[in-house]
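Structures for review follow.
In the two assemblies presented below, chain A is common to both, partnered first by chain B and then by chain C.
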Partner chain A sequence: MLLVQILVNGVLLGGLYGLMGLGMALVWGVLNVVNLAHGALIMLGGYLTYYLFTGLGIDPFVALPIAALGMFVIGYCLQRFILNLIVRSAMLNTLLITFGLSVVITYLAQLLFSADFRTINPTYSGANFAVAGITIPVVSLAAFVIAFVLAGAVWWLLNEMTIGRAIRATAQNLTAARLYGVDPRNIYALTFGIGAALAGVAGGLFGILTHLTPYVGATLTAKSFVIAIIGGLSNPFKVILGGIVIGVAEQLASLYLGPTYIDVISFGLLVVVLVVRPARSLRAA
Partner chain B sequence: MKTSALLATVAFALAASGGTATAADNVVKLGASVQLTGTNANTGRYYQDAYRLTVDKINDAGGIKIGDKTYKLQLDILDNQSDVNLSVRQYVQLLKSDNVDFLLGPFASNFALNDSSVAEKYQVPMVQGGGASGQIYSRGYKYIFGTLPPADDYFASTIDMLGKVDPTPKTVALVAADDSFDVSVAEGTRKHIKDAGMKLVLDKQFRDGGGEFSSILSQIKSSDVDAVLWTGHETDALNFIRQAKSLNVNPKDFYSFTVGVPTADFRQALGKDANYAFGMTSWLPNESLKDKWFGDAKSFADAYQKKYGYAPDYHAASGAADVETFAYALEKAGSTKPDAVRDAIAKSDFDSLYAHVKYGENGQIDLPQIVVQIQDGKLVPVYTDHMLNKPQYPIPAWGKR
Partner chain C sequence: MNETVLSIRKLTAGYGGAPVLFDVDLEVRAGEIVALVGSNGAGKTTLLRAVSRVLRAEGGIAFNGEDILPLPPEKVFSRGLVQVPEGRQLFGAMTVEENLRMGAFRRTDKRTLKESFEHVYGLFPILEERRRGLAGNLSGGEQQMCAMGRALMAEPKLLLIDEMSLGLAPVIVDQLLDVLTDIRSRGVTVLLVEQDVFAAFSVADRGYVMETGRITREGPVSELGDDPAVREAYLGA
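What follows is the complex of A and B.
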């Protein structure tokens, strides 16, 4: 029974992890930018949801799409006016600039929101129900469902919509895409904006499930990075699956080895994946 | 790149030492490296704010008399960005290029553990109110003093109380973070549990700052323990309680946390879910704690709240006592020589807003922890060596609150 509960915990946690990785994988796959500010964007999305909830009294789950929209605008502007300047240059430059962005965003957040920790705490945040003796937290389940819905939305956008085709075309062959009238500056900004919007939703859910401080970003970036690599960059559903693999592995490690080994396991998995199938996992990049 | 960084550092150090060589007369400079940004900033600010408030108060009252001269205190605070390595470098910088006379401490045991080695190396006394771990004092250092009581005994009064409530818990789960403070707490607590005749059925360590407890909580649920003793830092305590609720994990009678519970921020972040949580504090703002500069602990708390807009907890009071330790010791030593002041600190014996300050042989103060509980959103002192107020015990299950 304990093992089943632990597995359920891991799978549900993995849904949120996958959602965190989704935006990172999208931006990485299309723009070839490893966005080291991704965790900082998740944090910002969390604070947006927090203030929509505590300031305006909007239910956090209603606030999520508003926060996503806000984050889309922020992401679009970041790419359009800053990242586009260096997006086709060496990868080191994009690493440097996104790292710089994460530092700037983190410290701006401390100035604006203070270092106090916050929680998004609606009355139902601790709600749960039991199925055959297994406790299912409602918000974790909702996060899990939202992760799959958004993965489906990203898949549909990339494969079925004109704009999605333009995004994929730009990633595959910039010159050919241009010849067909695609404006890469706009496409890049749109893609980054969508990545930021996904980060925003993940941040809101993260704030409901755990806590927010301006500093949560760094570890979330690392986690998203691992998940994006394990899930691969080509298929949104595989990213969610990558998140679930990490979630379950962490929970099992916590049960059998002790909670201090959680990070060893997730980064150990990363190393194993890179050794076993380096070409496959990075092909899309 | 390494060489150029080194050259830059040397150049900077030379420039800095040249610039500050002519420090004003009649000023005693106290230096500290504190967490003003980064993951510990939330607690680090208590130290900066308490140091400032106390130094200002002492200076406003005319400063301190050393020999026949009057001195003012001056503060030099650096931000260590919650990075231990940076904090060690900053303490070296404070002594070697900023020319501070004495050292105040950072927040948290793992910082104090490392930073105190700088004090020892340069033989300049450091009085710190942020680290409680016994490791800090177990190395025979002569220049480190501390105003937080030993981490080993944090749960002593709690376990003592558990022997006097009905029903007395028989089985206990201990959940501890893996940093220096919590390792010390866990070591001491295992002994206290054994001495009290309780059974430790689950003993789990987690990564400090990890914030993910669903596996531990599920194990607590399946082992059906009577009491949970939890030690770590605030955000982890917060996550533990939130996840306990969402996984519907109810220790049968009791849970208690070494940190968080006395802090206003913590109660605000958790709202109603904070109720019933037990915790501990070495300090409460009582009028019975008399102080030379502030009058009493309550006036200190009021002045602090007024100036900074948030209530002080034991971290702040402990920090204030550190500054006062220097004030008393400097007057008593009649000199600003580090060795003379060090010896005077060792002989400290004064009442303050924080506690009666008297350091043990190893440099650490010894104080009882007051058991506190959050009852209807309010912090209520419950037990020291006798009941102060009636505890809400046993803690009701989540569904019955």
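What follows is the complex of A and C.
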């Protein structure tokens, strides 16, 4: 019974992990940029949701779309006015710039929000129900459902909408996209904005399920990176599955090896995945 | 004489400081098919890239009387100046239909989209058969048809076509040349870059010969085809 409970916890948490990986994978697939500031954006989204809740009294789940919108604007502007300058340069440059960005965002967060732990704590945060003896926390289930809905939304955007097709076109053949009326600078900014918005929602949910500090970014970037690799860059639902793999693995590790091994697990899996499917895992959208 | 659609004056362009084109003058008039021929590395593709504004250039490029040199590529495309690039450059991981849709990316009158699809599928029935298949899985000839179809979906006024016949069987080349004649009759003007000078001259009205970044000869294809130097260099006679 304990094992089943642990698996359920892992799956539910994994949905949120998948949502974290989704923004990372989207930006990576389209811009060919491994965004080392992704975790910092998740953290920022978390604080945004936190202050909308504690400062303005907005229910956190209502605050999520507002945080997403705010993060979209931040992401769009970051890409349009800073990152577009280096987007097509060597991978090393983009890694350095996004790493620098994560340092700056973390530092600013520490200044503005202090280093204290914060939890987004609505009245219903402890609510749960039981199915066949398995406890299911309501907020975890909500996070899981939101992750899937957003994966579906990203899928719809990319496959069924004109602008989404332009995003994929840019990822697949930049030369042809430019010749066929696509302005890559706009597409890149839009894509980065969507990545940041997804990070924002993930951050809000993360703040509801666990707790925020300005320093969570680095770990979450690493986790998102692993999940993007496991899930691939082309199908949003596979990224969510990648998140679930990590979530379950973490919970199992915590059960059998002890909670200290939780963070080791992601990187253990990363090594395994890179050895087993090196080329395939890095193919673009 | 028809009005000028594309007017290139003293155009200079290159890559990272290394000049490739030198003072190129070229003109395409409404309803014409103009052939641009020249050996490998002459700068034909470079010229088309400059005209589509994806490559920096100096000099004059006017499209329907408007100076397009300061315009970004998407604006040039919106004006109806559409390129079928060398090597087809399809969106390989998209379906044929999605590739065609990308051709219509900037179109605002989505109502007439269906007619455009019908037109393209009428010209290239194989594309309709393969419309749900990935463009990357098409044969070379089918890919060229898809690239042409994508361009036609943009409702071009001027088509720039780069190496349409490269690597294709003669029967496919003939089919594509027929399509060119057909779309010209519908009011589309064409600038055709070709290695296959014989094929290009069979449909073109006028031709230009480019050598190492300069236009060295120009005139009606009947005259160019009789020019001993051209015959020797490009027609193998």
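By definition in this document, the second predicted complex is superposed on the first by the 284 of 285 C-alpha atoms of A that agree within 3 Å, B and C clash if a C-alpha of one lies under 4 Å from a C-alpha of the other, contacts with A are read in each partner's own complex, and residues count from 1 in each chain.
Criterion: a contact is a pair of C-beta atoms (placed from the backbone, for glycine too) under 8 Å apart; a residue touches a chain by one contact, two chains touch by 3 or more.
Given the structure is predicted, the values throughout are model-derived calculations rather than measurements.
Novice: Specify the partner with more touching residues on chain A, choosing between chain B and chain C.
Specialist: B
Novice: Tell me the contact category for A:118 with respect to chain B and chain C: first, second, both or neither.
Specialist: A:118 contacts chain B only, not chain C.
Novice: Which partner does A:57 reach: the first (chain B), the second (chain C), both, or neither?
Specialist: neither
Novice: Taking the superposition on A as described, I'd like to know which of chain B and chain C A:133 touches: first, second, both or neither.
Specialist: Once the two structures are laid over each other on A, A:133 reaches no partner at all.
Novice: Figure out whether A:5 sits in contact with chain B (first) or chain C (second), or with both, or with neither.
Specialist: first
Novice: For A:255, select first, second, both or neither according to whether it touches chain B, chain C, the two together, or no partner.
Specialist: The answer is first: A:255 touches chain B but not chain C.
Novice: Tell me the contact category for A:178 with respect to chain B and chain C: first, second, both or neither.
Specialist: second
Novice: Take the contacts of chain A with chain B and those with chain C, and give the residues found in both.
Specialist: Looking at chain A, the two contact sets are disjoint.
Novice: Touching residues of chain C toward chain A in the complex: what are they?
Specialist: 52, 54, 72-74, 77-78, 82-83, 85, 89-94, 98, 101-103, 105-106, 150, 154
Novice: Over in the complex, which chain A residues touch chain C? Could you list them?
Specialist: Within the complex, chain A touches chain C at residues 162, 165-166, 168-169, 172-173, 175-183, 234, 285.
Novice: Can you name the residues of chain B that touch chain A in the complex?
Specialist: 37-39, 41-42, 45, 82, 178, 204-207, 210-216, 218-219, 221-222, 234-235, 238-239, 242, 245-248, 265, 269-271, 273, 398
Novice: Applying the document's contact rule, which stretches of chain A touch chain B when the two form their complex?
Specialist: 1-2, 5-6, 9, 13, 107, 110, 115-119, 121, 125-128, 130, 135, 137-140, 209-211, 213, 215, 250-251, 254-255, 258-260, 262-263
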